[in-house]
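Pasting the structures here.
You will see chain A twice below: alongside chain B first, and alongside chain C after that.
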Partner chain A sequence: MVDAENYLVQPEKPFTATQRRRIRRNRLRFAKTDCVDILCTINKIQNKTKNNPEQGHIAVIENNKQEYKVEDALRSVVIKDFDESILQKMSSNEIPPKSRDEIKAARQAKKAAKLKVNNKTTENPQLTKEIENLNENNINSKPKVESTDEVDKSVVINPNAVDISTSREQIKADRAAKKSAKQLKKKGAADGESNVQSSVKKELKEDDSVKQNEDMTVKDVVETLKNIVSVAKEVNEITTKQEETGKSKAELRAERRAKQEAQRAAKQAAEKKVVKPKLEAPTVNVDVPKKEEKVIKSKTLEKSKTKLQLAQRFNWFQHLYTEFDKNPLKKIPINSNLHPAIVKLGVQLSSRVVKGSNARCIALLDALNKMVRDYVLPAKTEFSRGLESHLASSLEFLWTTREPCASQINAVKFFRHHLAQLPNNVDEFDAKKTLQEEIDRYIREQIEMAGEAISIAVRNKISNGDTILTYGCSSLIEQILCEAWEAGLQFRTLVVGSRVSPDAAEMLRRLCARGLPCTYVDFTAVNYVMKTVSKVVLGAGALLANGAVVSAAGTAGVALAARARNRPVLVACHTHKFIDSLYTDAFMHNQIGDPDDLLEKSDDNSPLKDWRSNLNLTPLNLTYDVTPPCLITAVVTELAILPCTSAPVVLRFKLSEYGV
Partner chain B sequence: MHKILEFQVVVLAAGKGSRMPDVGGSVSKCLLPVGPYPVLWYPLNMLEKIGFQDVMIVVLDEDKSNILNALEKCPLKIKYELIVIPSEEDWGTANSLKHVSARINTDLLVISGDLITNINLNDVLNLHRKHDACVTTLFFNNGPEEWIELPGPKTKSKPDRDLVCIDKETERLVFLASASDFEENVTIPRLLVKKYDALSIYSRLLDAHVYVMKHWILDYIVDSEKFTSIKGEVVPYIVKKQLTKPNNLVEKKGTSEKNAEINKGIFDYAIETGYERKIREISAYNDHKHGNKGVYFNDTLRCYAHIPSKNTFAIRVNTLSSFYLSNNKILSKWQDLTGSSLFERFHPNSEVKTKQIDDNCTVGEKTIINEKTSVKNSFIGSNCNIENKVRLTNCILMNNVTIKESCVLQDCVVYTGATVGTNCSMQYCLIGPHHLVPESTKSNHQLHAETTDNMITLG
Partner chain C sequence: MKKEEVQAIFMKILREEEDVSAGVAAIKTLLTVIENYKVSTVRELDLNLQLAVDAMRHCDQPVTAISSGCELFMRFITFAKLDTKSFEECEKIMLQRGNIFLDKLLEARGKVAKQALSFICDGCKILTHSRSRVVLQAMIEAIKANKRFEVFITVSAPDNSGEMMHKQLVAAGVDATLILDSAVGYVMEQVDIVMIGAEGVTESGGIINKIGTYSLGIAALELKKPVYVLTESFKFSRIYPLNQMDLPKEFKYLSNTLKSGKDLSKQHPLVDYTPPSYITLLFTDLGILTPSAVSDELIKLYL
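Let's turn to the complex of A and B:
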């Protein structure tokens, strides 16, 4: 506080940009600590009320309500409740030491709220804080200094900010407060809260009288209460926000910094405008509030813009929206250092023309192959180093178009491994030849031959008359089923798909084209058809070290349904998709699909059609989910059919065998 | 570091302006002024804006020096290289491409030198990359051209129309023909109807003459020697060939080596070196919903056409009306088109003595505009001399024009080097290059030029 004061006392001096920045940062820091203080005090109050057996009931209700306080409609009701709760708290604590605490809290809250009233537009404690500071500059920064003092002084401050002359309004406000209390009493009568409330009211009156004795006007009380409510609301909002977003401090800080920067820019722009009047009129103080208004306006405008953009993001998945923000396709550099094949692949990955982990892996290797083929070594550079830097920039571009999947990560690892193993004085031609051969070998061994091995292994598990259920589209499953069919096995295939992705329909088409008897069911019917199924064969996007399978969203649901009916679930997965990272839910790593995919595009009257205009509606289209190992009977790899918990063994084996 | 280029750009600027009225003498189409700069500057500027660093410009022999001079005066950072083709022989666009083919070793972007548009070409390139297309074109769907009263004698010009058939969802170009090829009926191949659920047929699209091509198409053009025009022959041919299946490999082996050489069809050029086919097969993507065909119906050749939204600005300066219209609109769209604002309306070396000149005018280098003149909505080229008491409204004056005293010109186009005698009054007139309009002429909708019959010949 004192430090803040130091900064506040010297408003006349022209600050340099860096000074100003520092000041603002300090102010923000104080604002933050203030917020926390208020929070703590309010929590304390609540705890106290809980201890009080009569009012504990209400307190609990309030707590519940606070949690759901998101929508505006609810808010007003909750405010009333909260208002009342604070009345109670105020009244319930008649013991002097306790009341002091509360009055302190109230005072702090009031201060913030007052300032909030002054600038009306903001919900943001930082902004209020700023405005507050400026206001205080005008009033010679008295209120702050006295904030640690006693009640009386804070009461003295009040008339400073608000007009004293409006005594009528005070009375009106008083009446309104009483009325609301009455209404609440009526409402709560059924719950038997009426006693409490009447007591509250009495206490309130007593309180009032006490305060009148203390030379406190009624208006002050009412106002403080109101202020408390608004501040409490604010605090509550902030806390809920924080809870929901679950953002780390660093993220919050970064956000704040961005905001600050926007504010500063706005301010500077405003200042430029005001430069002329400043020169004319020597009394800068008069100009300051006007300037502030302008700044606030522009700030809120900016804020509302970004808010609109950010509003329709699912809070839990904020960290996944990075790809959307970048929108890489609009600004692909033309004829840059990137190889054309890489650029093309980037576009294809981003537009989902190349999808499915095997296709993505092969496409990546193919692009790398072409890149190596056309690579020209700059003079005086070691081949591996030169290519490595080229590779790094290419991959950086590719990963902006779509996050890499496990198979791609492994392919890159493999490529880097062979690149690093090239001898220092290798001939450019030889090096290229080696690398290209290695790439071809990888595709042949790790994908094609492995696919065949898996196909044979699964074929041995399929017997005549089986019904095989599969979900979504997987090139490997397609291969397995087609080859099994061509080997003369008689079985039926059930393809399960969801409305969101056309993949399953594509799978169905491919199987039908090969003459397999197929049935297509929607995901919603999985439970129903599961009883007719003899085996479930699923594809995988990645297999994690703990044996969990990352696959197209919905796979976990199918596996669960199979487990419920006690059907065996086989996951067919190349070992090049095994990855040594580990996560247990689909929240940490995932990809956000195009939200428009959730809509029925052929239906022009779809109620979801203009979801972008409805801020309360947030379509979320997740691409992957994680199937826990307990739902999977076995993983079929080219090495063997394994329980999926032996994924670490496969990883270790690959490390010793291939070095990657 | 040595760069591997993704696209090389060829700007075709060797058009003679066959759709423009014959005004006697030669006027190179790409040097017609649109606002302060020649037409050719606009595509170059667009290319520069999206990041191209080098272009090749195909120009006519006779225009080379003029174009070089004109481009030097324009603000351009992009490196350009003029490639000359002989003016006497009537070369088509495909011939021009053949001419430059030796210099091209990557995929190709062909742009017509008379295109003025604000579209982001990246959209076209991305469409090309996305589907690994062999040809990608660009059409504009801006509705019918605005009607505007044109200078010169009234004519009924019938614009060329194309029939363009596109699968709207994927933007695949499936049918392309000139409307003049059909009299009453248009027959669309049955296979198309079989393949696609819904096809959109357009007849009023503006062909931007922007082609993104695979390199092998150029090889094919060079080898086959039967094409002269890209738009008229090459693209329709390839679009048509999408429907046919490549000949069986077995069949080809049966014929002798020599025969195969001669009968080398387009499919023999469309060879994929890597795993493209496999990737297409295993990727879960498919561009159509029905039928049992794989992605792209397993077609090797794929043509796409991008149609941007209706409010993009696009104009091809190849007719008098589009020339006049583009001048009409250029200043209001300037920011949008060029991405920068126009700083110098009046060239610093010009002498503008009158005050009655409004904001919609531009004045070129070394032009003298004397006092007591009034200039509105007019573009004045360089080295012009406008004497006292002249009134110009909605006029386009090219270089080296002299307007003598007390003339009143409204909605006129005055070509290079023309002189208008004193006290003339003209409305909606065309004044041909190096023509001298005698004193006190009064005319309306006339062509003043040294053509063979000195009046009215329009192509």
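Let's turn to the complex of A and C:
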């Protein structure tokens, strides 16, 4: 089609590049990408022009009309379901390699025949030469615009070694692939169309540089096929990943560029070390600017720079500042074989969709379940070894999205324990079945049944007329209170929350929905209301070996206030959250949350709004804190109601039972 | 088997053997039940025992030791009842184990008393509360070991059991002084150690004892005096009271009071709960334990 257009246009008046692009864009926008059909029609047209060089322009014009007819027909196909069309494109992209092969083979045969015919015809050698010259001029006149699109780049087209027929077909295929890739990327984004336009522009730019090229070798065919396959695979991957919506074009382009660069670096050398430019620290500082050097290895995940400047890190928590990047998908190398469920979980964890220790644990086990189910054992590998390495890479990715919590660590230990216990020459199906059953059992016993037992135990401690105080949001506490209410106990609930996290409001909403009489107070009022409270019930993220409780930041303060008024403090904690480590403060292990959470979002004139520009201001948002055992009256587990100091006893008990 | 019969046996044992505590008497009663009331299945035996325990709880005796002792007894004997051919053999085994348990219990007191010996030094002043047979035995052992010490005993209203303790101590040759319950704060600065018994030990490591123990514990903590609790291991119970109100009603009031339907908030409770933070050490036949270790031992016993 390109050729036809040029033939048509060149003698009359030259279209500008933009005009040409627009024309092409309009054509491509509504084209149904059935590559084979298009290619066939094109081929027919080409054949016609070739067979009738005499007719030259006239024939071309006629043929163009035919082409346009074809295009109109295609355009008239109204695409109702965008997804459907994308799926179609997807499927069509998957089909090509095979069919293209066949077609190419057929075409090559035809080409050979044609060449013979062409060589024989000497009727209009001039015309043919003209055509060729024009083509070459076209090649020379248009500057080669390097496409910045990763998809374009990855499709390496050797300008000098592609035949006419195959080049056209290749262009079509590439265009179709690129377009569908871009459409998928921009799926759901408001600026979808403009992106498509821009993407099409880019495509066209590159297409301009690719003109009739002769003398294609089989090797080049294979190469181009490979490229097409890789593009198709990329497109496949992109559909399985859910990218963040609302990203600007520039960001996406930058992303792709970064990815491309990384791949280039990986390709060129087996292992290269690149020293990133040192972070520039402002000249006036209180603390010494640290110089960070990051080493990028080809096989490990890339870590992107932190968004905070160094001066705005709190000194005592330097060890906790990870390279906090909201989009975990940037870190996945293109050829990774992570299970989509794992990737999905990673995104959910990093965007805090899944939060709370129980939810995270169940989500992780569910993802592992799927991973085991879909795991394909490579040849000559032992099942447990193979799965262990696959598991390790999956977990490596997951822990970069969010630090694991105690329940997740224990769940993984449990899984690994059972994986290691599989016999050596176990049948793959049996092994998978065993592992999946074990996971289900863990969830059922350690989380669900334990939750019920704890609920009953705490219910025995609640009497009529009590006022129960709780902090933040915990699924277990919600279960306890709701079940106690439904069992007929009459009590009031006080939910304490903080401005920083919306958890407490969520807890309040849930309790009110079940009909419990609740009150909400901010953390600042906890001392004031404590005199009306009879008992305090708290949830836990983890229980340490000395009996200290790791929980959402603010829990220790509530426990302290309760102790000051001699109110009993109960901590409801499943035994699977008990961990063997011991630390006494909230500095050693913690998570730095998003500093923007500290801002009052509804207040436009908030003095914290421009904290990034103020180097003397460091918002610190810690996620967890540690409540010492002396402030806690009792820990309620499914085994018994225990004093805090008996945590090692439970750990010992668990070790003997579960080997974790 | 009828309730009244069990109660009769129980009361008889209590009357005849002065030295025996309510808990031990209860266990003896249970053994008698197994021996005398023949049944044909294990399930029936279980039912019988449960009925017996229930009967004893309504005997107007302090329930704490009875319930914990009986529960441990049942766990102990049923621990090995499986896999035997006939029920008679089963019963025999259970009886055997029951008697072993009882023997262990009777020895327990002696063990505890011996352990306490090293903590009673020459010239020390001991404060104790109400009547405890274990503490009595410990002091008698100390006298036999030629130690010189002084004892302050509280009268311990409403049943004035402290007076009986005082009599027994004086008869044994101990230099004992009877003080009012309200004088505990006054005397505390003179004493060196506080030694008390317990009717029950809770999972938290705290104790349930005659009313007035809690005040004693608070005063001792304030004046930095160590509080030693002398108790046998069969008094360990699985309850975990969070505060005084959280104690089960059966422990605090006599069964008659509970049955009579009076307003409990106006009745005097018999026992109170001393939280583990007021207790220094527990002397038991399992060893000398800190309050936090009690939970450990309990888990070993029950899980």
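Criterion: the second predicted complex is superposed on the first by the 340 of 660 C-alpha atoms of A that agree within 3 Å, B and C clash if a C-alpha of one lies under 4 Å from a C-alpha of the other, contacts with A are read in each partner's own complex, and residues count from 1 in each chain.
In the analysis below, a residue touches a chain if its C-beta (ideal position, glycine included) is under 8 Å from a C-beta of that chain, and two chains touch if they have at least 3 such contacts.
All values reported here derive from a predicted model rather than from experimental measurement.
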item	value
Partner chain(s) touched by A:D466 [first = chain B, second = chain C, both, neither]	neither
Touched partner set for A:F653, first chain B, second chain C, both or neither	second
Chain B versus chain C as contact partner of A:A634, first or second or both or neither	second
Dominant toucher of chain A (residue count), chain B or chain C	B
Contacts of A:P568 with chain B and chain C, given as first, second, both or neither	second
Touched partner set for A:T645, first chain B, second chain C, both or neither	second
Which superposed partner A:D597 touches (first chain B, second chain C, both, neither)	neither
First, second, both or neither for A:E452, with chain B first and chain C second	neither
Residues on chain A lying within both footprints (that of chain B and that of chain C)	none
Residues of chain C defined as touching chain A within the complex	203-205, 238, 240, 242-243, 245-246, 276, 291-292, 295-296, 298-299, 302-303
Chain A residues within the chain C interface of the complex	461, 463, 535, 568, 570, 633-634, 639-643, 645-646, 649-650, 653
Parts of chain B lying in touch with chain A, wherever the complex brings them together	1-7, 50-53, 106-107, 120, 122, 125-126, 129-132, 273-276, 278-279, 281-286, 289, 291-294
Residue ranges of chain A in contact with chain B within the complex	329-337, 339-341, 343-344, 347-348, 351-356, 358-359, 362-363, 365-366, 369-370, 374, 376, 378, 443, 472-475, 502-503, 505-507, 509-510, 512-513
